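Note that the chains take the letters A, B, C and D in the order they are written out, and that residue 1 is the start of every chain.
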Amino acid sequence: MSKFNFSGLKSNKDTGFGDNFSGRFIDKNGYPNVQKRGVGILNRYSWYHTMLNLPRWQFIALLISGYIVINFIFAMIYFLIGVEHLTGINRSSLMDEFTDVFFFSTQTFTTVGYGRIAPVGFLASLVATFEAFLGLLGFAIATGLFFGRFSRPRAFLKFSDVALISPYKDRSGLMFRMAPFKNTSLTDASITVLASFEITENGETKSSFYNLKLEVTTITSLILNWTIVHYIDEQSPFYGLSSDDLKTIAIEIIVHVKAFDSIFSSDVVQRTSYTSQEIIYGAKFEKMYNPDETNLFTVLHLDKINSYFPASLPDIS
Amino acid sequence: MSKFNFSGLKSNKDTGFGDNFSGRFIDKNGYPNVQKRGVGILNRYSWYHTMLNLPRWQFIALLISGYIVINFIFAMIYFLIGVEHLTGINRSSLMDEFTDVFFFSTQTFTTVGYGRIAPVGFLASLVATFEAFLGLLGFAIATGLFFGRFSRPRAFLKFSDVALISPYKDRSGLMFRMAPFKNTSLTDASITVLASFEITENGETKSSFYNLKLEVTTITSLILNWTIVHYIDEQSPFYGLSSDDLKTIAIEIIVHVKAFDSIFSSDVVQRTSYTSQEIIYGAKFEKMYNPDETNLFTVLHLDKINSYFPASLPDIS
Amino acid sequence: MSKFNFSGLKSNKDTGFGDNFSGRFIDKNGYPNVQKRGVGILNRYSWYHTMLNLPRWQFIALLISGYIVINFIFAMIYFLIGVEHLTGINRSSLMDEFTDVFFFSTQTFTTVGYGRIAPVGFLASLVATFEAFLGLLGFAIATGLFFGRFSRPRAFLKFSDVALISPYKDRSGLMFRMAPFKNTSLTDASITVLASFEITENGETKSSFYNLKLEVTTITSLILNWTIVHYIDEQSPFYGLSSDDLKTIAIEIIVHVKAFDSIFSSDVVQRTSYTSQEIIYGAKFEKMYNPDETNLFTVLHLDKINSYFPASLPDIS
Amino acid sequence: MSKFNFSGLKSNKDTGFGDNFSGRFIDKNGYPNVQKRGVGILNRYSWYHTMLNLPRWQFIALLISGYIVINFIFAMIYFLIGVEHLTGINRSSLMDEFTDVFFFSTQTFTTVGYGRIAPVGFLASLVATFEAFLGLLGFAIATGLFFGRFSRPRAFLKFSDVALISPYKDRSGLMFRMAPFKNTSLTDASITVLASFEITENGETKSSFYNLKLEVTTITSLILNWTIVHYIDEQSPFYGLSSDDLKTIAIEIIVHVKAFDSIFSSDVVQRTSYTSQEIIYGAKFEKMYNPDETNLFTVLHLDKINSYFPASLPDIS
């Protein structure tokens, strides 16, 4: 189907991605497209990993609804024990009783304990004792989750949405770029890029993986944008690939960046991928930083990360 | 006793496992079979390591029983000081008194402090002051323990229960496999495999350790299952080992996996071991992943990790 | 403009600093002189990184003012609901009412809950329930921030304010020094030094980067001061640089230190830089440590880190 | 003074220990014998490092005394504001008044807030508001400190008190040993050993450092004891050293161990040192582990770590 062949290239068989899949191996955010089956849901998830990955508003909604549900359950228990075992309850109506019992529960769970309503007798006191204990442990766990969430080291890298095939040296190069978009401090960044090509041989469709040779694989300080360049020479699996080939062959470029965050003192990684549809043939990135007017610092224009312009490629046939 | 000899192989003398032990060096879960003696129990355990390793229900049971015991002790102290130094105590019977004193203690320890019962006078107030302080510190420690427990980086790898001697290339290979079973994100996994053979020489039984050469020792992304393959050639200590030898020679395969968990940004390790009894002679693993019907993602069947079928080995005599 | 040229030297093109900037690349404290634009302020900052970097008094001021503002808002809400839904309010004047409502709010937020003032009825109780919940979460977050701040691994290195060009061997050397100034325990320290020279070629001004070769790049224990020495031989970009050149050429020496803090069990990094103005031509550092009078330990004089004396350089023309 | 010389040996000049000190470079627990001067006490200490290193009882004593002092100060403030601004105070005597005020303070600081005593009026309420806030922040900090203390990765290695010069191969070897004494899980341990010799040359006394070549420098699993062996051949600075030399020459052996703690997923380091007085000439260590009677596990006798017996060294003159 394609004029080029890979026979002279050494494929990478140890990627961990398997070989019989024609969709996207990892999604734009770096998560693998894998579904696990055959284990119960409780064993399949690390609830802590899940909590760390939950979007902020979902995490907060979960905390609030948990708070309401637990207090509702305890209110029911106190109600069943009998409101006469709580002092200060407004007993005008069942509704009023339940309201007071519910708020007694919240005052116990949060350990506010105003005392306007207080337990009398063994059973109500026992439940309140247990509820206050549970409340404190609950907030202990919430403290841990909050800390775990915001102390979780993340790279905060923004990748260009597309990769380009740009004129480079006497030929062309595959390029994409990234930039740190938050006030992090990344040093010693390194990158590995893998390309998967779906190849049909003897009627069987298989994915082959190739490590892409890069012009620069490590950088001392990741302060400005970093344009990753793969020179397309005879050793490249992209050699001879035409604009049309990009539309017909399923290609995926899998990117893996590792850097040292010197504020957290921890390694951080981030991944992304580009499929054939996200590779632009014949284009060049615009420069995205320049000195400030005052010439005292450099300005990095993060909104320009996807800015490119057409650029014709040399004909090497 | 065995027809093969190890004379041409270089054994590994720096394993740290010692040399005169004929049982299992490490158990299935990776813990070494070593007992420490000669130091007091307080010095022998790092209580924090212990707390991190405790099963969840034991940890919770420990917290609850600690809570009850501490409050019981404080209740005794208040009782000895005299219930007349607490306001609002129900003094109908000794039992009622103690109940109220106990719940006053829990209300102090959890800092709920309804105030229906409150200390009056120096001594009761002093004890309550100390108890509230202790309560807060206790919950501070519990917070730390909770966080320590769930933020503890773990690999969450499932290993196959058995290792197989499978047909491989023109000969045979020792194989076992592993898969990540939770929603972790492991990259840069590496593995080392050590085999111990109990050899009787000049009437003395000794364990010899050999590093097993593997076909692949590192993998970029640990997303699907990973089958570890040791090719049994002339350089392998398994060369010439027959099905019967497996029943008579004490062998232990010690596995050590290290990977980078990109959610925790931390290295994680996991160990396991296979003894002679856990090595199946002449069998092959079934494939455990396939594309989804929709062809959009890969399905990993974790329940198939132990699935294998018989496969006859080539005769190389 | 300068008599020396760099034609024989290999410049480092992978520093991540860009190439068209004539100011200072990183400031004295190691932060890069880069401004990010083109993303909203919420996306541009990692609030957690910001909180970790905030000076102590600003952090505390932020906590206190947050505490006041939140309680003021809740006081307003209770006031709007109506003070008749709170027991025990002093209703002599509007001011007195608001005062009591405000302090009811603080007693709820901190979960003190004396109970002299307590909510009655659905609405006030509901708001109080929410406030106590918010209070606990707020303190959970504060706990995390405190821990994040003080457990953040930092190198605590003091660098000499200036670098010297000192007599060294038969010629001269570029020297600066550092010392750990707190009770940390740093081991396995390593250093890399980069020099940027602003060079005007064909009317275009560009920064070129050179890795400086050091006499010692790693040190086992960073206990006393460490004097970093770059021997200025023919391979050095500083070769032939005169005292006057230092005044006219924009040079920046960028220093990057990495060490292992054995108390935190974590790698720590620190950066600094020296510009032309901070390089002293013809001077030597004074020794800054000596044995104690008792000869039992070594004394490190941190106040001497900037002590140097003039020393004439050999003439090598 | 000694018959041997070091002229043929390459000394290590990059140890970071300095060169003019004749006492002990690091103490038995691995802390360097260095005193820092010339900076204020506040800048000289990282209070967090200090808190992590404080012995347990000192840490607890500090917490308790801080708690008492703070409450005493607040009690004074409430007293100065006037006890009439607190409800429920026992006003029989000044002493009773102060007692009640003090306990009101502790009930506020710990947020127990029984409410038997409660603030009335602006000033007392304001101070109470601030105290409750401070209390919560204080416990937030205590939580962080507790967690920091017990989650601090430590190696928990026990070293033999002495090093031995034992018969080894055809000659002799310098040996000492270590063992993990707690329920940790250490892997990939590595060791470096440095020896300092005080040498008087031309009337000047100087310390020279030599890296000792070890038989084994890394070990896969640090489960049992590890005996470190330095073979004393012609390349060793100990070559030709007699029993008498040990008494007259100031020698220090500086030991640095690094290992990976797989429970904390963190590197841990530990250091120690041996001086001439702690080197025994002509002795051998007893074996300190053996299989259990049941032959199911290995027993490590930690109390035997210092057990050795005399062993005559070969005469190589």
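The definition used in the following text is that a contact is a pair of C-beta atoms (placed from the backbone, for glycine too) under 8 Å apart; a residue touches a chain by one contact, two chains touch by 3 or more.
As the structure is a computational prediction, the values presented were derived from the model and not from experiment.
Both copies, chain A and chain C, contribute mostly unmatched positions to the interface they share, with under half of the numbers common to the two. Most remote from chain B, judged by the distance between CA-atom centroids, is C. Here the C-alpha atoms of chain C line up with those of chain D after a rotation of 90°, rounded in steps of 5. Comparing the chain pairs B-C and A-B, the larger number of C-beta pairs in contact belongs to A-B.
Note on B-D: across the candidates A-D, C-D or B-C, the interface recurring with over half of the contact pairs conserved by residue number is C-D.
For the pair chain A and chain B, the distance between C-alpha centroids works out to 28 Å. One simple way to say how far apart two chains are is to compare their mean CA positions; for chain B and chain C this gives 39 Å.
Residue positions of chain D touching 2 or more other chains: 111-115, 143, 147, 264, 266. Per the touch definition, chain C reaches chain B in the complex via residues 111, 113-115, 143. Chain C makes touch with chain D in their complex at residues 63-64, 67, 71, 90, 99-100, 103, 106-107, 110-116, 139, 142-143, 146-147, 150-151, 154, 156, 181-185, 187, 189, 216, 218-224, 226, 260, 262-266, 289-292, 295-304. Residues of chain A that touch chain B in their complex: 13-18, 20-24, 31-39, 43-50, 52-53, 87, 107-108, 111-115, 118-122, 125-126, 128-129, 132-133, 135-137, 140-141, 143-144, 147-148, 152-153, 192, 194, 256, 264, 266-269, 271.
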